[in-house]
Amino acid sequence: MDYTIGNIAPIILLPFAAFVINAFIVKKVPKFAVGLGCITMFASFCYACRVFKDFVFVTYSADYYVHKVFTWFDLGLINGKPFNVDMGIYLDNMSAVLLLMVTGCALIIHIFSTFYMEHDARFGSFFVYLSLFTAAMIGLVLSENLLSVFVFWELMGFCSYSLIGFYYEKEGAGNASMKAFMTTRVGDVFFLVGILAIWSTIGSTSFVDIYAAIASGAFNDLTVVGIPLVTFSAISIFLGTIGKSAQFPLQVWLPDAMWGPTPCSALIHAATMVAAGVYLSLRMYPLMEAGGITTVIAYIGGITAFGAATIALIQTDIKAVLAYSTISQLGYMVLGIGVGAYNAAFMHLITHAVFKACLFLSAGSVIHSLHDHHTDGHVQEMPRMGGLRKKMPFTFIAMLCCTFAIAGFPFFSGFVSKDRILGDALLQALDHKTMIAPAVLGFIAALLTAFYMFRMMFLTFYGEPRDKELYEHTDVETLSWNRNVPLLILTVFTLGFWYSGSLTGQGLVKFPGVEHKEWFSTLIKKPDVEKFTKYKREAWGSTDSRDQFFEKAHYDANHGMTEAQAHHAHHVHHIGAIMSIIIAFFGFFIAYMMYIKKAWSPGWWSSKLSPWYRALQSKYFFDDLYIKVIIQKGLLGMNNFLAWIDMGIYDRYIVDGTEVINRFAYRVSNWFDNKIVDTVGVDGTGASVRLFNVVLRTIQSGKIQFYFMILVVVLVSYIWTLV
Amino acid sequence: MISLPSFLAISFILFVSGLVVMIAKKNIIAILLGVELILNSAALNFAAYTRFVNQNLDGHIMSLFIIIIAAAEAAVGLAIVIRFFQIRESIHIDDATQLLQ
Amino acid sequence: MNGSSNLLNWILWMPIIGVLGVLFIPKAKENLIRFWSLFNTVISLAISVVLYMKFDQTVPGMQAFFNVDYMWIKQFNIHYHLGIDGISLPMILLTSLLFTICILSSWTIKKSVKGYFALFLFLQGSIYGVFLSLDFFLFYVFWEVMLIPMFFLIGIWGGENREYAAVKFFLYTFFGSILMLVGMIALYHASAGTDLGVNTFDILALSGGKFQSLNMELFGYTFSFSKLFFVFMFIGFAIKVPVFPFHTWLPHAHVQAPTAISVVLAGVLLKMGTYGFLRIAFPIFPAASVYFANCIAWLGLVNIIYGALCAMAQSDVKKLIAYSSVSHMGFVMLGLAAMSIQGMNGAVLQMFNHGTSTAMLFLLIGILYERSHHRWIIRPDGTKGFGGLYTQLPKYTIIFIIAMFASMGLPGLSGFISEALIFLGIFEFNKTITVLALFGLLIGAAYLLWMFKRMFFGEVIEECKAYTDVNAREVLYMSPLCVAVILFGIWPSPVLNIMKASVGQLVSLMSQF
Amino acid sequence: MFDNFIFLSSAALAIGGALSVVVSTNLMHSCIYLLMSLIGVSGLYVTLSADFLAATQLVVYVGGVVILMLFAIMLTAGSDNKTVNRFGIVKIPPMGNLKTYIMSLLTAGVMGCSVLKMIMNINQTTKLGELPPYSTTVEQIGTLLVTDHVLAFEISSVLLLGALVGAAVIARPRLENEVTK
């Protein structure tokens, strides 16, 4: 398993090359550009499969990794040490799995886009952005250091900006894209601070060096602005996650991101953009742990999961429901990081990516079919849908499976991952009082998730069509390769056993005769920082020499815990799993009663809880707070004030005011000259000046006679001197 | 009675008159008249000196050349005046101030 | 001294030859004048490329190979001394590139073509002079001479308020120059008292902290010679940068100047200020610079934040970009104040990168102005000045996006690496400033994106429907900058390699104090 | 006695003519006064026994230059009706006013004083009658012109030719196409 540039680099270089080539040819041959984008994506996926196979089937060790660096640029020697800025590849089990997920989802989204965007005027351009977006995400996954992560991180920000603003003739798209970029950039700036803090302390941003530094205590006793450096950098980097993964309080951009075309929403919400934030936090998990901010992370995750789920309750736009559900699920992942469920959080990242991609693509399929002939636009509002399962049965099945997955029904992937997070949260809550709140919020959010997802399903696919005309115009879904095949593939992977190795997940009910193989939970585990201290950096192209101290096959069923602890944990996990199954069914039941049976009226609830309902409608006033108060009142007001000070006061009065001083000085000196000098009687100065003035003026008269006179005078004076 | 100082006095008066004419008059032709007067005073001085001091004819030759040059000067000067008049419709000296510009 | 060393003479006097050529071409032959000027700048560019090829990247100081040194005024020991090192070479390359591009962008100048191009080439020559001089007196001469063409170029070919802007620019800079002159003469007189033994203007001889222990009496107080005159020099250069509070000439000058002049102003002229720090103020007064480093850093921070906030309030595109220059030059000041390898390298790189990205923005605004004849994002009466340009001008928009994101420091484009290096440098120096300066980065993105949103998104407004997309000439002169911005964003080594030895030498000098 | 008479009358004519040129306000008149003055000067030449000079004076000046002047005056007649120049400033009258006279007299006074001072220093008091009489000078002048002063003679001929051609070229009215150019 000796990886060289030829094995890994194509994964990122192929989509990137597609981007570069397509950027130039897309205007001439859009069809070819689309084909190129898809083919390169497929090739990239194949390479990722190979990497995945090597990591998963050859070794079980969670510690094994491939690390290759080359110098990007260097600045010569600093205090005798060379200062190199490195780029390179860091590939371990987590990256391998994530790579597969990213390339796989991206490939499927590419294929679906050929269906969805077919009639768009800028069919080709869309694929240019898609290629770059995917390349950036792949680059981020492959990165070996934080700086390189930041580079791709920002590139993704740029791509999301372009894709959200894809329909640039709409004013709202402009607002949304700008909002997305700026909000994530708030996080990015802090991320950069964190990078700088680490970089300037240990002279490198490589993951390996950071782990080694944590293990060797290089961060100890250092402080930045009063807080320990390790905490400072952990918070800063986690703020990057908050921005990118739309956590509270920077969640405002993600719902607006649906201004982009639906496949791009799928890409942003599932595979790339938001996953990057969680991935970063997972990578930097040792740092977060060392910084002691896991409680904060858990609280933020819990609040996000709960808050976004509540907002999703009342959304009527199908994509908005999905957007808030994304935020909520991301909250789960962050909660998982906070409660130490490293493995489960990552697993939820993967499972969520699959079912959320499927949900968005299904929603896209629905929206694409519903064409309003009056406004010549697609319909996204659920109040105008209803009964669509007869028109598009295949989409319905796909979406239903995904809804089961996200709601955490047994046998589906969401159950496997989410319930392990909740189980760990419960475990933490039992041990520490402070962790009770996040766990409770997590469980309530699970209930709400099941409810609003089924609400969406029922409103869309069940009941009577509420907009008859629209319903009549909708064509019956016919199977097509680029619409249903992607959905089918994703649907298959919403099943739980792909991830857990057992049919139910959790390893609780073992399928008879099948060996117990929880590949996921054994492959991915917290990096053991102690192991990295021994490591010497390897240059690009050199062969691995780490085989001697990294065992390739290693499996620890208890995850490093003692037998008693493991037993306790298993026990709590059982309780958590049962609780969440009950909760999921309860959520389903409420939705059923409200929207199918119509036994309980949603209107009654909303009128009963009207203040809260209003708060939900305005998304807890975050948009108002940020845009109206902070930006419009605060920032713009201050800007205008400053600009007015700058040009209106400072420039006009202080800088140009020196002219007044000059004029005053002139007047004073003039007065002095006239009144003092003249009246005192020293008339000579002024008079001579005036005379001189007269003389000069006369000399320049151009009159020949005057010149002649001068000549005579000069002649005479010459004569006088002679005589 | 007829001695060198008396000739010099006459010449002096002619010279001063010429000078006054040149400066006081604003008419270009009048200024040329002043120039003629001054040239004459000079020529008269040559003739007088050569008669009273060294008694040869060199002064005469000099005076002769002065007359010749005066004639040439008058011809060219008047031509310029006429040309100037054609252009400016004036022979006022203050109109000839191209040197100022 | 061997044959090739005349390269510096050639590059310095080539534009002056160009000026003479322009003066000999009859006024009516406008195209001949344009092509001649273009030809001339292309030759300058070619010479700079030759310089780059022959440049030895491992030598830290002045490259002896290129050195030119003649006695100029013997009585005062003034030399005609030219030299080049890793700090001036990027600036020379930038100047050559931008002037070639600006000649192309000035193709549409209608008013008095001959005078314009003559002055423009003259400006180029004087700027080369500033970047190449190693004698303080010569430096000062070029520094002042540069004002003259600039004054006329703004004052004659500028916008409606051009005289005011030109006079303001002139007086501001002149004020700084006078302080610099005082400092220069003081140095000259003080130099005999040091180990040099003679009065000299030679920058290299003066540098190295020779005046550290000198004191002088002024108005009955005792001042440290180096601190006092460092402040003088600082103000002189700071006006050019411009550092808050000496920045108010810049918005006026930029807004009023014609496009090419704005490009030169932002792209090259502002760098002369920071170049002055690197070449003169820091090496000659290293102790004083270290003493004032904190002060410089805070001023840089104010520049960043204040410039960015003011930019956000502008409704005139060009003024907005002008304030963004103030903000970006603040980053350079931060990098200089850090006085570490990373910070200084970042600062020099930022000087180069800001030159390319801001030049792009100004050129693009100029292109737009040729179509619209106004620059309002929002007119004073509240209506939109531009709208939906994305739909109307797709190619233009793509170039604009590249320029805009380069300017806000998107990774993969040139601004990022320099800013990251600057931040790395300043983080070790002062962490509070770093955290605050990063907000400048945030606001920097905000005002550019907000401007972009208001101008490019949405429906095409009626007025914009007549605009045509960029033509071949415009694409021709934008493309080298696009390539530079992307190339140096992905692969900064070509620029970093030429500067790092020289910068390292400067930093090791500073670190002794 | 006869010499004295000729000298006195010639001197009176020359001085009177010159002063009349100064005070006259009519250009035509002052030209005639100049004629008188020139005739007086030629009379003075006679008293100095420079008969060839006197004749030349009469022929060239009286017969040539003054006539030329008169023609010029007549050619430029009617030129002085404009009292304002092109800058809008009221012009000084062509024949001068008090201010110009004062200025000229001041200048002339200064000049005259210095010249007078030099004249005062001359103590050559020989009377005309005490000098050896001259024979006719024509033959000697002719000899001198082609021997000692032949170069100046030739140059003056060239000068005269040049003046002739130059005057003709300058005074020639421009053709229409030349004027527009």
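Order as written gives the chain letters A, B, C and D; numbering starts at 1 within each chain.
Heads up, the rule we're going with is that a contact is a pair of C-beta atoms (placed from the backbone, for glycine too) under 8 Å apart; a residue touches a chain by one contact, two chains touch by 3 or more.
Keep in mind that what you see is a predicted model, and the values were worked out from it rather than measured.
**Q** Which chain has its C-alpha centroid farthest away from the centroid of chain D?
**A** A
**Q** Please identify the chain lying most centrally, where each chain is represented by the average of its Cα atoms.
**A** C
**Q** For chain A versus chain B, what separation do you get between their C-alpha means, in angstrom?
**A** Going by mean C-alpha positions, chain A sits 102 Å from chain B.
**Q** With centres defined as the mean C-alpha position, give me the chain B-chain D separation in Å.
**A** Each chain reduced to its C-alpha mean, chain B and chain D end up 5 Å apart.
**Q** Can you compute the centre-to-centre distance for chain B and chain C, using the mean CA position of each chain? Integer Å is fine.
**A** 69
**Q** Using CA atom averages as chain centres, what separation in Å is found between chain A and chain C?
**A** Distance between chain centres, rounded to whole Å: 35 Å.
**Q** Taking each residue of chain A in turn, which ones touch at least two of the other chains?
**A** In chain A, residues 709, 712 touch at least two other chains, as defined above.
**Q** Residues of chain D that touch two or more other chains: which are they?
**A** 103, 107, 111
**Q** Could you say which residues in chain B touch two or more other chains, in rising order?
**A** If we look for residues of chain B contacting two or more partner chains, we find 19, 22-23, 94.
**Q** Could you list each pair of chains that touch, in label order?
**A** A-B, A-C, A-D, B-D
**Q** Can you check the complex and tell me which residues of chain D touch chain B?
**A** Touch list, chain D to chain B: 3-4, 7, 11, 14-15, 18-19, 21-22, 27, 30-31, 34, 37-38, 41, 44-45, 47-50, 52-53, 56-57, 60-61, 64-65, 68-69, 71-73, 75-76, 79-80, 82, 85-86, 91-96, 100-101, 103-105, 107-108, 111-112, 115-116, 119, 122, 124-129, 131-132, 137, 140-141, 144-145, 149, 152, 156, 159-160, 162-164, 166-168, 170-171, 173.
**Q** Looking at the complex, which residues from chain C come into contact with chain A?
**A** Of all residues in chain C, those touching chain A are 168, 172, 245, 248, 251-252, 306, 309-310, 312-314, 340-342, 345, 388, 390-391, 401, 405, 410-412, 416-417, 420-421, 423-424, 427-428, 431-432, 434-435, 438-439, 441-442, 445-446, 449-450, 452-453, 456-460, 491-493, 496, 500-501, 504.
**Q** What residues of chain B sit close enough to touch chain D in their complex?
**A** 1-10, 12-27, 29-30, 32-34, 36-37, 40, 43-44, 47-48, 51-53, 55, 57-58, 60-61, 63-65, 67-76, 78-83, 85-86, 89-92, 94-95
**Q** Considering the complex alone, what residue numbers of chain A touch chain B?
**A** Checking each residue of chain A against chain B gives 700-705, 707-709, 712.
**Q** Which of the residues in chain D come into contact with chain A in the complex?
**A** Those residues of chain D that touch chain A are 103, 107, 110-111, 114, 117-118.
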